[in-house]
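Paired with chain B in one complex and with chain C in the other, chain A is shared by the two complexes that follow.
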Partner chain A sequence: MRMFQVFRVGAAFLALSVTAAACSSTTAPSEGDSTITPLEFATLTFAGTLEAKGSGFYSFAVRQAGPVGLTLAAVQTPGGAALSIPVGIGIGVPSGTGCARTTSQSTVPGLAAQLTVTLNPGTYCAAVFDTGNLTAAVNFAMRIRHP
Partner chain B sequence: MRAASFLKTARAAVVLASCLTVAGCDEDTPTTPTPNPTTATVTFASNLAVGGSSTRSFDVKRAGNVSVTLLGVGGPATLKVGVGLGIPLADGSGCVLSRSVEAVAGTTAQLELAVDIGKYCVQIYDPGTLTSVVAFSISLIYPI
Partner chain C sequence: MLAGMSSAGCSPLGPSSTEVALPNAAISVENFSGALKVKGVAFYSFSVADGGTSYLSLLSLKEAGADSDVLVTIGLGVPRGTACLATNVLSVKATGSLQLTGTTGPGVHCAVIFDPGNLTKDATFSLNIARPK
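The block that comes next holds the complex of A and B.
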């Protein structure tokens, strides 16, 4: 008789265990469960004139580690006509009176980031430079999006 | 007798477990989700002066494509005007065009560009073809 009771209790446990295991539900994390801070992004516009064989840079501070995107949005004649000439863009660290580029590429203007790198907090510079395609000065506009 | 009782209890446990398994998962009847709009369509209509330009800014909330269609321009059907897409300067001093075309009005997008999240501007300008003020209408589609 006692064995019966033990068996019944065991059977009940089995039923409940199967039920619990079958529902692969997940618990929604509460705010207190995580220390992940959502990234906040700042967007800067770096615009100016780029001379033939010239370069320019703009320094900015990254507050949180995360992706930094450079978008060479526009290259124009001094009169304002949009050009599709490839120009160099890069990211580096300020060095003396210049910008020591660590990543760079040549790109035509567009409105989606052409260069994205993940950076740690610190001070960096976004550079624009002639890769040999300019025969005269052009105006440019670059967008820098960083955390 | 005892064995039969064992079997009965075991069967009952299996049935109970199966029932609880099915009933325990609190599954609601699936409903068809209402899709959120992923693009905004706006009409930008105004007048364009001789030698002038007209600009409108807009916010893109997610990466995607922006499409600009010059639907109508007053004057002859062959009249070409400039249409461009770019970014507004931070000081509000204008719209720097990334891409521009000179086009006649039509129903096919004259400009389509991939964009990231951010502020953008569309501009219509006189490339030197206007002799008087004309009305225009531009349809702008962008991700939201």
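The block that comes next holds the complex of A and C.
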């Protein structure tokens, strides 16, 4: 009985192998047959004022699954002087009166994305928050790049 | 549980004078309370797993601590940017009854309240959101 079962499994495997071989020999992919949809990205700018011990968030919709990048581009004094103070950035889901962060980190302003996560379609939020380094309000600018 | 509450004349959104049968089998009620400045706006985000109808009820509105019967606007929408993009709005007074209904599919939605210009003093409010789980 056991041998019969082994034979049946082996036969099934053989059949699959034959089928796969037949498919690969008759349906070779061509450039025109491609069904892969390239991701289209949108870039949003979230700018505002961050109070000491404060936070803010910006909601956005992800249309296709893919990487979402946050770039803290600038932190400045109200007078416009650039600052290199670390502040927190994060990604999460809008919940209640805030943004329930699922990923976050402390970072200084830069040119490249400091935080990148892969998200499924849905509504998310990008957050900026003081991690305890601010003694006064600052202005900030963050770029959100999402599919 | 909902049937019991309805027969007692008390909907999940608070006291009501008439029986209200809510069609959703599984409803959660969240309370959104806070401050509303003159011509101000406030919103509250919530997630819906299965979709269905959501209901808003303005339970109370107080201007400088006193009950107010002015019209404010409540709405349902989706969080976008730094606001709630409302697609369904209604001007209401704080009656405590079911006031605004809207279809909320699976995903994140928001309830918003704003003063169209009727408040003369900063106010506080209490808004119940009954939504599918």
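What we mean here is this: the second predicted complex is superposed on the first by the 115 of 147 C-alpha atoms of A that agree within 3 Å, B and C clash if a C-alpha of one lies under 4 Å from a C-alpha of the other, contacts with A are read in each partner's own complex, and residues count from 1 in each chain.
In this section, contacts are C-beta pairs under 8 Å (C-beta built on N, C-alpha and C of every residue); 3 or more make two chains touch, one makes a residue touch a chain.
Small disclaimer: the values here were computed from a predicted structure and weren't measured.
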item	value
Contacts of A:73 with chain B and chain C, given as first, second, both or neither	first
Chain B versus chain C as contact partner of A:48, first or second or both or neither	second
Touching partner for A:59 - first (chain B), second (chain C), both, neither	second
Touched partner set for A:81, first chain B, second chain C, both or neither	first
First (chain B), second (chain C), both or neither touched by A:96	second
Partner chain(s) touched by A:145 [first = chain B, second = chain C, both, neither]	first
Chain C versus chain B, contacts on chain A by residue	B
Chain B versus chain C as contact partner of A:123, first or second or both or neither	second
Doubly contacted residues of chain A, that is, touched by chain B and again by chain C	44
Contact footprint of chain B on chain A as seen in their complex	4, 7-8, 11-12, 14-16, 18-20, 22-23, 25, 43-45, 47, 69, 71, 73-74, 76, 80-82, 84, 109-113, 139, 141, 143, 145
Complex contacts: residues of chain B adjacent to chain A	5-6, 9-10, 12-13, 16-17, 20-21, 24-26, 63, 66, 84-87, 89-90, 96-100, 113-120
Interface residues, chain A side, partner chain C - complex	44, 46, 48, 56-61, 93-97, 122-123, 125
Residues of chain C defined as touching chain A within the complex	30, 32, 34, 42-47, 78-82, 107-108, 110
